[in-house]
Structures are given as C-alpha cells and as structure tokens.
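The following blocks contain the structures, represented as structure tokens.
Common to both upcoming complexes is subunit A, partnered first by subunit B, then by subunit C.
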Partner chain A sequence: MEQQPLLKVEDLSVTFRMYDGALAQKDLSVITDLSLTVYPGEIVAVAGSSGSGKSLLASAVLGLLPGNAVTGGKMYYRGELLTSEKQKALRGKEIALVPQSVSFLDPLMKVGPQADGAKKPLPTKRRKSIFQRLGLPEKTEKLYPFALSGGMARRVLVSTALISDADLMIADEPTPGMTLNQALEALTIFREMANEGKGILLITHDIDLAFAFADRIAVFYAGTTLEIASAKDFQNGPDTLRHPYSKALWQALPQNGFVPLKGFQPYAGHLPQGCLFAPRCPYKKERCERETPSMREMRGGEVRCFYAT
Partner chain B sequence: MKEKILPFLGAFFAKGVRMLALLLVVSIAAFALVSLSPVDPVQQYLLGAGPVSEEQRAQVEEYWGVNDPPVERYFNWLSSLLSGDMGISTLYRRPVSDIIGERFFNSIALMLCAWLLSGGIGFALGCVMGAKKDRWPDRILKKVCYLFSSLPTFWLGLVLLLVFAVWLAWFPVGFSAPIGMLDSEVSLWQRFYHLLLPALTLSLASFSNIALHTRQKLIDVLEDDYVLFARARGEGEGTILRRHGLRNILIPALTLQFSSFAELFGGSVLAETVFSYPGLGSAAAEAGLNSDIPLLLGITLFSALFVCVGNLIADMLYRVVDPRIREERR
Partner chain C sequence: MRLEAKGISFRYQKKQPWILKDLSLSIESGERLCIFAPSGYGKTTLGLLLAGYLMPEQGSILLSGKPLPKKGICPVQMIHQHPERAINPRWRLKKVLEESGKIEEGTLEAFGIETAWLDRFPRELSGGELQRFCVARALASGAEFLVCDEISTMLDVITQAQIWELLLSESEKRKRGLIIITHNRNLAKRVGTRLLDLTENQ
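Presenting the complex of A and B:
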C-alpha cells in the first residue's frame, strides 16, 4: 500500500514552558517522539488512558496548542509540511475536529446555526439530513446547548465534522455519553466515511470500540506510542501483539480476564529515564532503564521495545 | 407563555420586596444621621423670616414636633412621606417633591447621555482591548483607562470647562439654558448643547470601569473551549469575535451597564456642581451646603430608589436575555 499518507507525524514532541517561581523556567514535556501515519480510507485509533496526552495530539495537528507550548518534529498533510499557515488554511476545510464535550459549543447559540458554521453558503439542508441520520430530532436545531443530553451534544459535535466534508477527521473521545447504539451509529458513520476515502484519527480510551472499528491502533502511553498494530492483532490477543504494555492492556479487558497491571502511568514532568514503560514492565532489563528505545518495524506493525519479539 | 411569565413575575416580586426593605433601611439611616447632625432645622427655617422671639420659636418647635422622641418623629415623617408629602425645602421655600421632579428631569437627560456615551465608549474600547490582549492597542488603552478612572470627576470637569468653554469657547460655561431666556423659549438643541460638556465629563469619568470589565470578560470568553472549537472549524479571529465573542459578553455588559447607575449619580453631583447644571446632583450639593434637611432627605431617598431601580432592571434583564435562565423551567 504505497499510497501517500493523508497525515504523517514524525517524531512529534510537545513541551510546555512553565514558569516556576520568579525566574526559574521549567519545560514540561507532554508528548515525546510520537510518530504516526493515517492513510486515506482508514481509521487509526489512538488508544491510551487519561493523561497520556491524546487530546494534545489533536491540538498539535490543528495548530491550536496554547501559546506556551513548543512543538518539535514534523507533520505532513498529503506530503506537504504542516506549517502554522498551512494548518490555518486547512482547519475546518481539510481537517476537521470532533471535540470532547458540550463545552465546545457556544452556550448562547442555537444548535442549528451553530452546526451550520460561519461559512457561506450555509449547509443547512445537508445539516438537516445529517442530524436526521444521527437520530437527532428535528427540534434539536432550535435548542441551546444546555438543553442537550450528553449523547445529543456529542452527536451534534460529530455532525459538525460530517458537515465540513473534510478529508481528515480527528475525533477526540467522540463516543462517551452515547448509548451503545448511538456510539455504534456514530462509528458506523466514521467507517462509511473512511470507506469513501477519508482518513480518521480516532482518539479514544474505549478500546473495545477501537478494536471493532479501527483499522490500526496506536497504543499511547505517557505521551508517546508504544505499539502500532492492525486491529486484528488486538482482536487475536497477546500472541500477535508485540509490546508488553499492549499485552497487559489486552489482558486487563473484562472479557479477557480483567487482569490489572500494577503501577500507574508516569505523569508529565516525572518521566523515567530510558523506556517510559520500564518501571512497570515485567520483562525489563538493565538496558531499558538507560536507553530509550525507538519505534521499529516488526511483523507488519511497529513497536517501541528492545526485546519484543 | 404563562409558564414563562409566572416565574418572571415571582422574581420581580421578590426583588421588589427586597428593594422596599432596603429603602426602609436607607430612610432610617438617613433620618438618624440628620437627627444626629448639629444642623438645627428650625434655625434654618427661621433664617429667612426675620427676627423672632423666644416664644415664637418655641411655638414653631412645638408645631413641628421637634421635642418629640426621635422614633415618633421618624414615624411622623415616614407617614407623611408615604402620603406623598416630602416637606418644604427651607432653601427654595417650595415642596421638595416639586424640586426633585424638576431637577430630575434635567438630570435624567444628562445622565442618559452620559450613560449611553460611557456605555458605548466603554464597551467598544473593552472589545478592542480584549481582542488585542497584551498587544500595543491593549497596552495603550489600558493605561488610558487607568488614568481616567483615577482622575477625580470635578477636576476633569474643570479642565474640560477651561479648555472647551473658556479657551476655545465651543461650549457654554454652565447652566442648562442660555442666560436671560424664558424656559419656554429654550429650544431642544440649546438644551442639548448645554448638556454636552457635563455629559462628556460624566462619561469620561465612568467609561473606564465598563471598558476594563468588558476587556476581562472578552479575554475569558476567548479562552473558552467553544472558541477553540470555532478556530478548529476554520473561523477567523474576526468571525469568532462577531459570532461568539460579542454574543457572550453582551449579557454581563448589560448587567454592568444597568448597575452603573450608582456611580453615575455619584458623579453627577460633582459634574453638575462644576457646570452649575441645575440637576438633582447639584441640588444635593446645595441642600447639603445650606443645611436644607427636607430636600437632603428627599434626594437621598430618591437617589437610593434610582440606584435600586437600576439594579432591578439589570437583574430582570438578564432573565429576559439569557436563554439559560429564560428556558430553565420549560
């Protein structure tokens, strides 16, 4: 599959410049050496627990990080380097965001005009059919965001991306608060869009849904990817997975034994030396605590581990 | 429709009761302060009447109830106040209610002009500062606002008077109408012409508060998630300001605007005095300086009522404007 990737992220790092006391400056590294590609027609799920920096990835791609953030590495959209001007031009046209919660809707604007957006001509007709398809009753468009249920709000947010007709969609936790059917419906729509040739970056902690709908899954941990593998590998279980964390994640699922992994994810600012997963890794060796492994190809996927087989 | 109006009326009624209670407290405090002051109302009343004997004076005191216990005097005053009798001004020898009526008519024109000016200037500057936060327009305007909010109103009035009325002679030096003209002959334009400079003084003294509040509110709004999302959808900064910024700062701005009545009234006392403008503010100053107790009490109560009404309007208005409160009970 040697087609051009829609989005290619190379060694992305995001650091926040903090002021600690009067003059002491501190750099807080939240994303390190993140590499990722999204091809047209596929859903790539970025799965990781809370605080792993998933949402910042979305902001970084869109160029919407706060002013005190410093980014490193390179990002490409359809082979073109994503500069901040480029990001500005692509936002809302080629790249669309499905944000996390109702707080991303203007509280004083009715949902209908809000979903239509500011671009003329207004896509009102298209929006109405998308609302209908997402199971939003017709009167929804006349409601203010505070009157929406959590699931309705998310469907409205999903609808904004569908309306935009963008080729790359970044969905930041689009499903919580929806019923299973609504979540399936939303993800089915994403699947259909992917089948039409769009690329979708699905940021989620709902691993089950990611397994079922994504083509590839990037396991995100403490601001970086530990493994990128096809969703099939995750469905098959630990034998086809590569990284010890991915295996532990699989085993922690209720249907796979519900076995928890000891310890917790390190916080930004307290990252360990060497491999970020080393402190919790059952197979760690002396080298893991000294050197940071880089991503390497293995059995059709990628893994960030010296000893994975 | 009914479900919407009933809670509104309920809130209106509750606020109204609270307002009346507050006015009652103001009346007690004002009456107590005046009773404790060394000003002798009988002496003031007799000033214009020529020499009086001790007996005549005692008769007047008896007639007025000066020697009754204070609580009884308060209730006498309150009951006649409630029946519409605010007493006779010792300075003007006319009923206080007539004077307040006339002066208020002059003042309301002045305050309305100043209110609209300061609201308009303040809101516009606040929006510019908020949108250009920490860049040069913001930094300059912020200093201008700090400067104006620390300038005393009377000094500002004197400077404007000196520059525009005395040196440049663009505006009249004072009063609400040309000197030597009958009230019926004064045109609306002449009234406006006389009112402009004091109104400008008043609005220059109070716009900075509105501007700085609007700035902060706009900055808060522009940091909200929904603005981030609007950016992610490709809306430009100008569109965001129009579509989301203004919409979300309008309600706090309205509230602020109506609750600025108090400052406006306080400022008008100084501005009207400087410009010899015959409004309620200058009447308050005259009543105070000439120990005209009935007028002073009347104006105190009236200005308290005025400020309360402003706050009441602010409270009620955001119920009408904000859909989150308006539709809460659907």
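Presenting the complex of A and C:
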C-alpha cells in the first residue's frame, strides 16, 4: 500500500501582479509548474540557486504570501486540499515554520515565553531541554531578541518550531550563523523528529548539510524543480545524478571540482522559451529551446529534461 | 610588499572585554591567507582593522613597515559578505564601478559583467551579480591587499565557484595579497595558500 504523503504540492505556480506604469498591470511569474511531496518520516531538502523561489514555496504552503500574489495548482496536507482557511488553522499547530529572517522574532517579548507560543499547558520543560540541546544557556529565556547574537537568534527560531511539536516542519535556511556543531545538533533533532514519523522540508543552500541529512533532495532553478533524487545519488556524484544542473552543482563544490558553470539564472519576467536551463546547458538541442520539458521518472528519481539518461 | 598586524588588541568600548588580544600576523603580496575561527571570535573585526576602518587600541597595522595612509583610497580594501549592503542603492551600477576610477578596457569581460547591467540599479541584480561589481571595484582601486569577509557564503555553489575563479585569476595577474575569512574548510583548502586558525593563537 502506498503511504499517504504528509504534504503534496501539485503544479504550483506563483505570480505577482505588479504595476507597470501608471495603470497597466503585469504579471510576474516566479514559480512555475512545481510539484513536490513530503512523506512522513522524511527530510526533503530543497537546494538550488539563490533566488530560485525556495522561500516562496514555504510561504505558499503556509499561506503567507503577500496580497498581490496569485497562486495556481493544488496543495494537499494529509490528503486534504489546503485552502486558505485550512492553512490558517494548521499553521503553528500542525505545520511549523522556521523563518529565514531573524527579524521574525517579536522584539518586545522575552525569548522564553515567545518560544513557548500560545500552547497550553506551557511546554516549559520541553523548551528547556531543547534550549539545552541547541547550546542556548539557561539565562537566554529571560533575554529580549536584541540581546541575542545572530547564531543564538537562529537557534531560538529553530527551537520555537521544535517546541510546537508540529507534524510538518518547514525550515527555511535554519543553520547560517550556527557553528558546525550546533548546526549538526539542530539537524540531528530534525532527524529524530523524522524518525518519529514527522516530515521536514529543509530549505537550504548549504548543500553539504543537505547531502548528509536529507533523504531526498529537490533541486530548484528559476522557480521550478529540475531534479528530485535521493540524497545518496548526490553523495555518489555526477554519474548517478540526472540533470545537467545537478551535476554542475556537484562539480562546483570546493571539495569536488570547484568548476563554475558559465552563465546566470534567468530573471522572472525574462524567462527563456522552452527549457529554463537551456541557455546554460552544455548538451542542449534544438528541441530544448522550443518545448518545456515536464518532470519524468528516471532511475528512482524525477528529472525535468528531454535528454537526461 | 608586506601587510603586518603587530600585537594588536581591540575592544569596542573601554571596560568591555577584549575582542582581539595581542594578535600578530603578516602576509606578503601574492599570498592568500585564510583565517578561521568560530562565529563571534572577531574575524570580521580583524578584517575591519586590517582595512583601516577601525584602529587598534594597542599595537599597529603596518604596510611595508608604515602605518596605513589616512587620506586617499586605502591600499587594503575589504569585500563584504552582503554585496547589496556595500553598494549605494541609489546609484546605477556604472557609477558603482567607476567609484574606484575609470573602467579599464577588458574589466567587464574579466569579471563576467554584462554591459546591460551597468544601467541598472542594485536591486535589479542578484547577490552573485552584485558581488562581481564589489570584487571588480576593489581590485580596480589599485589596492595591494584585499580582505574577503565571507564573500561567497550567501551565494549558491555555482555562483561561489564563479566569483572565486575570477578573483583568483585577477588577483594573481596583479600580484595582490588576499586575506580570506571563511568558515568553510573545503573552500579554504581550495583557495588559500596558507591557513591561520585564530583559536590556536592563544
């Protein structure tokens, strides 16, 4: 029997409606045709180019996009369609977010009560143990956010989401500013949560960490997924990977080849015809510039490329 | 040419604890020194001191045996972690690039800057693209040494490799010295000629 996914995103698109001149409006499409699933017990990492729409995906799942954003496609949580009422009811309870920016903390509230959230009875004991595991000294709970260093604030944000005991956690760049050991500890806690049957969507550009801790990795580029594959395929290197962009990512790591792929990610509003990666692709053919490939299954993963083998 | 820090100590205010205490290091032209330390150890402060933004309370910073000049473009330039914060948001990028003198022929190609970007404002470019301007601007100033403070931490790995490729080739061509602040050991091994772990200093 196939397991029901915790989160299922189907053909998601996000478009921003903007003014173009005094009265004319234009639509700027930033996420197109994006599909992704997270199963219970799984850490799915979202990696890829900066500015590829990784954080927008998090906002879209939680229903936190600004008012001028139009979303298309469907999202399901435990098989149920995620409507905006549903998102409102679930977020903070069953779906938790580790926000990317430290400015998400309330500056006028002490960190301890803030991390506890609105939960009753107060999860003080759980909070203390999580603070301790993340290396936050006991007195941290009495501090206001301005007194925290960047790394401490980041750990407070992570613990806030952990304390909520949600079933699905979306962690948007949870580790920058932490020392390696703290980052490893935070990810170890994520792993334990996953082992309890929870699901984690880990948005990161620290590919090394994603390789080491995730079960599957989704590679984002210009607002869509180019490849979804098991983390093992990424550890093994370019031979087991499918998409030329994923291979290029692997080869650009300092410990591998440090080989830079030429060119730039296209801008929203100036997306090329056909395959989004074609302008930089060393293997492109004429068809790639005409037609947009869709995701297809290959060797236990998925890839958006006509010619991947 | 040699850049030296001789027994420097620094704290942001009197009565506050020392951030750096009696630290010495030296780097020659053409060398690439990678500096390591855990976060909060004072790496960026050290960079600001070396580039002349801050003055040490004790000790001295010497370039070829002389203190850094007080006037004109400092011969030690710093490239920051967040390029979008190091560039005037109200200047077009042409002006940003010309801040350190006339744009020489071949600069644009060497740094992978497209001509169309010059007429744009900083918010219209990505971090990796802006970082190219910061690197080009720092090198064109004629600085003998560059302090690179986590310059690729915020970038994806392909952009990171792009930036380092051009920084290494251009600084080698001009025999510049680099002081590289990073927490990524793999990156340090790849780009540095010498590693310095500040925690071993005390």
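Assume the second predicted complex is superposed on the first by the 307 of 309 C-alpha atoms of A that agree within 3 Å, B and C clash if a C-alpha of one lies under 4 Å from a C-alpha of the other, contacts with A are read in each partner's own complex, and residues count from 1 in each chain.
One rule holds for everything that comes next: contacts are C-beta pairs under 8 Å (C-beta built on N, C-alpha and C of every residue); 3 or more make two chains touch, one makes a residue touch a chain.
Bear in mind the structure is a predicted one, so any value in this text is a computation, not a measurement.
Taken together in the superposed arrangement on subunit A, subunit B and subunit C fit without clashing. When both complexes are overlaid on chain A, the residue A:264 reaches subunit C alone and has no touch with subunit B.
Contact with neither subunit B nor subunit C is seen for A:73 once the two complexes are overlaid on the shared chain. When the shared chain is aligned, subunit B comes close enough to touch A:92, but subunit C does not.
Of the two partner chains placed by superposition, only subunit C is touched by A:253; subunit B is not. Between the C-alpha centres of subunit B and subunit C, as seen from that of subunit A in the superposed arrangement, lies an angle of 70 degrees, given as a multiple of 10. In the superposition on chain A, A:177 makes contact with subunit C only, not with subunit B. Shared-chain residue A:49: touches subunit C; no touch with subunit B.
No C-alpha atom of subunit B lies closer than 9 Å to any C-alpha atom of subunit C in the overlay. The touching residues of subunit B, counted against subunit A in their complex, run 224-226, 228-235, 239, 243-244, 247-248, 251, 322-324, 327, 330. Taken together, the subunit A residues at the contact with subunit B in this complex read 62, 64, 88, 91-93, 96-97, 99, 101, 103-109, 117-119, 144, 146-147, 160, 164. Those residues of subunit C that touch subunit A in the shared complex are 38-40, 126-129, 153-162, 164-165, 183-184, 186-187, 189-191. By the touch criterion stated above, subunit A contacts subunit C in their complex at residues 48-51, 149-151, 176-180, 205, 207-208, 248-249, 252-255, 258-262, 264-265.
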